[in-house]
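When the chains are written out, they are named A, B, C and D in that same order, and each has its own residue count from 1.
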């Protein structure tokens, strides 16, 4: 179809220009100029993205593929600078640019008093560039560029307060853990290259769609690719076992946490799995593992979230948990539901983080919820938007979270592989989510405002917890006290430049789910799913469907499929159950943190062992430290540092030096200062040259 | 012409030319003494023969008969070699100088030039690079002076020869460059060719009466040549190498009898060479009025007369200047050569080549 | 043209004799004069080859200017006979064999395959006359020619700087 | 009809003698003269080859004709370089003699560690 070029390359390029301007000249600009530049280019990117989506909306040729330039050509393999816009990347690009823009606006207010203002916006714009590259790329390699780039931006922004050791360490941790995941992604790409000879989506999926690859022919290959990609996704999207970096990433400024570590970057893994659904569809075992990992992450992180007292850490674990949901959705082949949840999550989690930022801003840099309370009256707008977000994430209808979560749970229930089990875990997670979110809500906004207070639970915890763990927690809770100290004592509402994005996001959190009201409720079709359907079914449904009887029970269905009329009752039941779980969570939170505030301490004392286990995040960090980091460190120290580096490499270098020195010392005797002896050497050299020329027969 | 005849004719020509040249040299000394005497208001040689005409002969006999002294502690080989080298080199120059057209004696036609060959069908060809050979031989002549001074193992000699070699190298540049204008105009290095170019050009005289001699377009080149030639021949006012008031007698202080005579002759032969060259290059060589009424032999010899007259004019000029001008100081000499003559010669070349190029 | 061969042999022998004399003589002025002899006879060999311009400038530039400069410097420095010093062992034990090998290989090569090269015919045409060289020099080789003039200029300045007495 | 190899042999002999002079002579001026001898030896082969190519027309690898006369031009350039070299070299010799008061190269051996 002939359509005008959309110039998709402009979308990522605009933030890059902004980053370049701010990065190169920002030091000399005033803050107003820096923020104007950053916002202008982000807004332009948003406008361009909307324009592109709008152009394609009424049934344009999708996917729209645009190749700007050849990047790498090696033999038959080539990876272009190409961009790819289909329904999936439309949603992603809108979420990224939209939420990104709002967070940029928010940041102008939030970062107003921080040092390195220009640096912050440079990094933020740089992040936008890479993220947009990631979602718009038309091949895995370019996606990987974005993938690595957002990792870089994330590293830079987590370590934004680099004067602080904990921030710098958190940055390094994020980077290194991500690298481990990237390794999997890379291996996956290599496998794709080896077997498909290309990394372009269109070609890879086209080859799969051509039907040469039936599950039994290539299930080993596809499982391997799928697992490798999944490993990559666990790194980027903070899934078990590589989730450990995300809580620490909260060291970054709060808008960063909102943008990168909640709304956009961490969803890259989900996007990647959804993008590769054609591969996963052919790898049922890989999908099973995806589902298991998602499920595990969801419940695991939810339990850890219960005990956290740092407001941002609660949200961080919540993010991990919600990401687990999305991975679960992918694992049960409900990619559309996963993406749907991704979108709604982007709205309400960004809102939660920004709201938390606003709260932190209001109480002067305090992040420990135990020192908050009763803020409902003092910062009413923040309270209301936080309320909307909390209800959204907890899954109360008609907030957006309800619809997306319900989609996932419904799909999980219908999954062939352990459907009910997954569903039960999902529902429990939903209840836990509701519980800890309302815990946050109650602790922050209700009760008495008690700056400086430490309740009994904390004392008990401090008394019993090992000292170094306490130190970690304390360093986090006081994290921004130094840097974000703008006016202790007086609690005040944030400026409108911060509140405006909050309000917009709040509206989105409320209504964002309505685009995907399931069929059994609305009676019509699920618009969101319908919208995404062409992409998600661009795989070979016929072949997979045909494969079902061959492979038997273990095979997946590509999609849970719209439930039939008879199942509507069951669907209502499932939805009701999840709402009930949310309500139960709300009730317990109200009971423990509003009605009987002494209870949490008692319970913690009662089940002290479990409490400590959860409080210390199941000692996963310590376990990793003992199993991987320390042996690696020891190995590096003994073998690579002392052995290879000092012994072999330094030995070679120093040996080369001392050898040449020795040779030079001997050859120095040749330099007698006697011209005639020099001439003798010249003569010998000339003789040698002539002899060699004759020997080789030059000129014959 | 077969090789034997060629050799015989060449030997005859060489003998005649050398005889005339040496006689000329001898009588130039007489002329010089006479003229300088007159300039200085005295008689000059008068005792030997009428007007002292036999004086050169007497001098020659004296030189030959005097004891040939070789001082101790000289470098003997070079001490003997040096005067011979000087005279040889000056005489070699004569070999390429044409004195006229050709001459027919007893049915044999030959060129009035040692290195010239007359072709059977008429026309004469001489050596293509005659001018270059003269320059090269002149430059070799420096060795005579330089070695003489050095081998004498005497400070005056050494200083004289140092001065001589520096002076001759310096002025050789100006000398060579002053001739480039001529070469540009004539387009040949052959001396005969240059003269013939002037003769042929004279069929259309400048301004209707001036012969087409290169003195007129190359007046600057001519004066540069003249000055450089004076320096090359170590004549006053550039006779610093043998400045008797400073260096006793310069490079030939230690020489006596026939060896001294050889230097003496070399200097006068060089004067002749330079004078011949000046006549050939700037004054049309043997070009002059022809008298068709004369017998063939005389007709053929008439150009030689014109040439001799022109050469005599330059010899006279040499002597005249010797009797008139004082000697330069050494730094003046070097400055004059390097800072005045050389740039002027280069400017002359540039202007000439522009004009030549402009006229196509 | 047996006469050419005879003349070549005569001048060649003079050349080699001069060069040997250059080595044998212990006083630099004798060596310099030997070199002048070599150059003069080379000029005659050039004339035999019909290269009259090259022969002329060989005499004018080499024998008449460069060697005069050498003689001048020898005279100026009043250089005496070569001293007998214990020279460089390397020059004797490495350099001389090296040169012998060099000369040996070249000689072997020339003797072995020199016959294939054929002879030089001295054509009656005026090959190597001044005009042709001038055409080549001022047209095809104009740039190198100008560059060498710059080289000469630099050499002059270098000589002046080196020769100037420290004030 | 002189064989080309005669010229080349003469050239080689002169060149080797030059090298021997360079190696064996002690006086710096003589050494310098040996260099001039080597240059002259090379010039001889240039001129010989110029004549040779004149009577044996040949083509270069690039397909262009060999210009025989360029041998003469090379000789011209060699002479120019030799002249420049002599000017500078002799100036160096003079300044060396001024400071070291010797022309013996074995005694001018400061050029070492």
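In this text, contacts are C-beta pairs under 8 Å (C-beta built on N, C-alpha and C of every residue); 3 or more make two chains touch, one makes a residue touch a chain.
Predicted model only: the values in this text are computed from it and were never measured.
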Chains contacting each of subunit C and subunit D, listed by label: A
Innermost chain, where centres are averages of C-alpha coordinates: D
Gap in Å, rounded to a whole number, between the CA centres of subunit B and subunit A: 103
Rounded Å distance between subunit A and subunit D, as computed from the means of their C-alpha atoms: 76
Chain centre separation (subunit B, subunit D; CA means) in Å: 34
Averaged-CA centre spacing for the pair subunit C and subunit A, given as whole angstrom: 81
Overlap residues in subunit A, where contacts from two or more other chains coincide: 672, 674, 676, 679-680, 683
Where subunit D touches two or more other chains at once, by residue number: 19, 23-24, 26, 106
Each pair of chains that touches, named by its two labels: A-C, A-D, B-C, C-D
Complex contact set, residues of subunit B against subunit C: 75, 78, 127-129, 132-133, 135-140, 142-143, 146-147, 149-150, 158, 161-162, 165-166, 169, 172, 176, 187, 189
Subunit B contact footprint on subunit C (complex, rising order): 29, 33, 36, 40, 43, 52-53, 55-57, 59-60, 63-65, 68-69, 71-72, 74-76, 126, 129-131
Subunit A partner contacts - residues on subunit D that touch it in the complex: 19, 22-24, 26, 28, 31, 105-106, 108-113
Residues of subunit D touching subunit C in the complex: 1-10, 12-14, 16-21, 23-27, 29-30, 32-34, 36-37, 40, 43-44, 47-48, 50-52, 54-56, 67-70, 72-73, 75-77, 79-88, 90-95, 97, 103-104, 106-107
Residue ranges of subunit A in contact with subunit C within the complex: 670, 672, 674, 676-677, 679-681, 683-684, 686-687, 690-691, 694
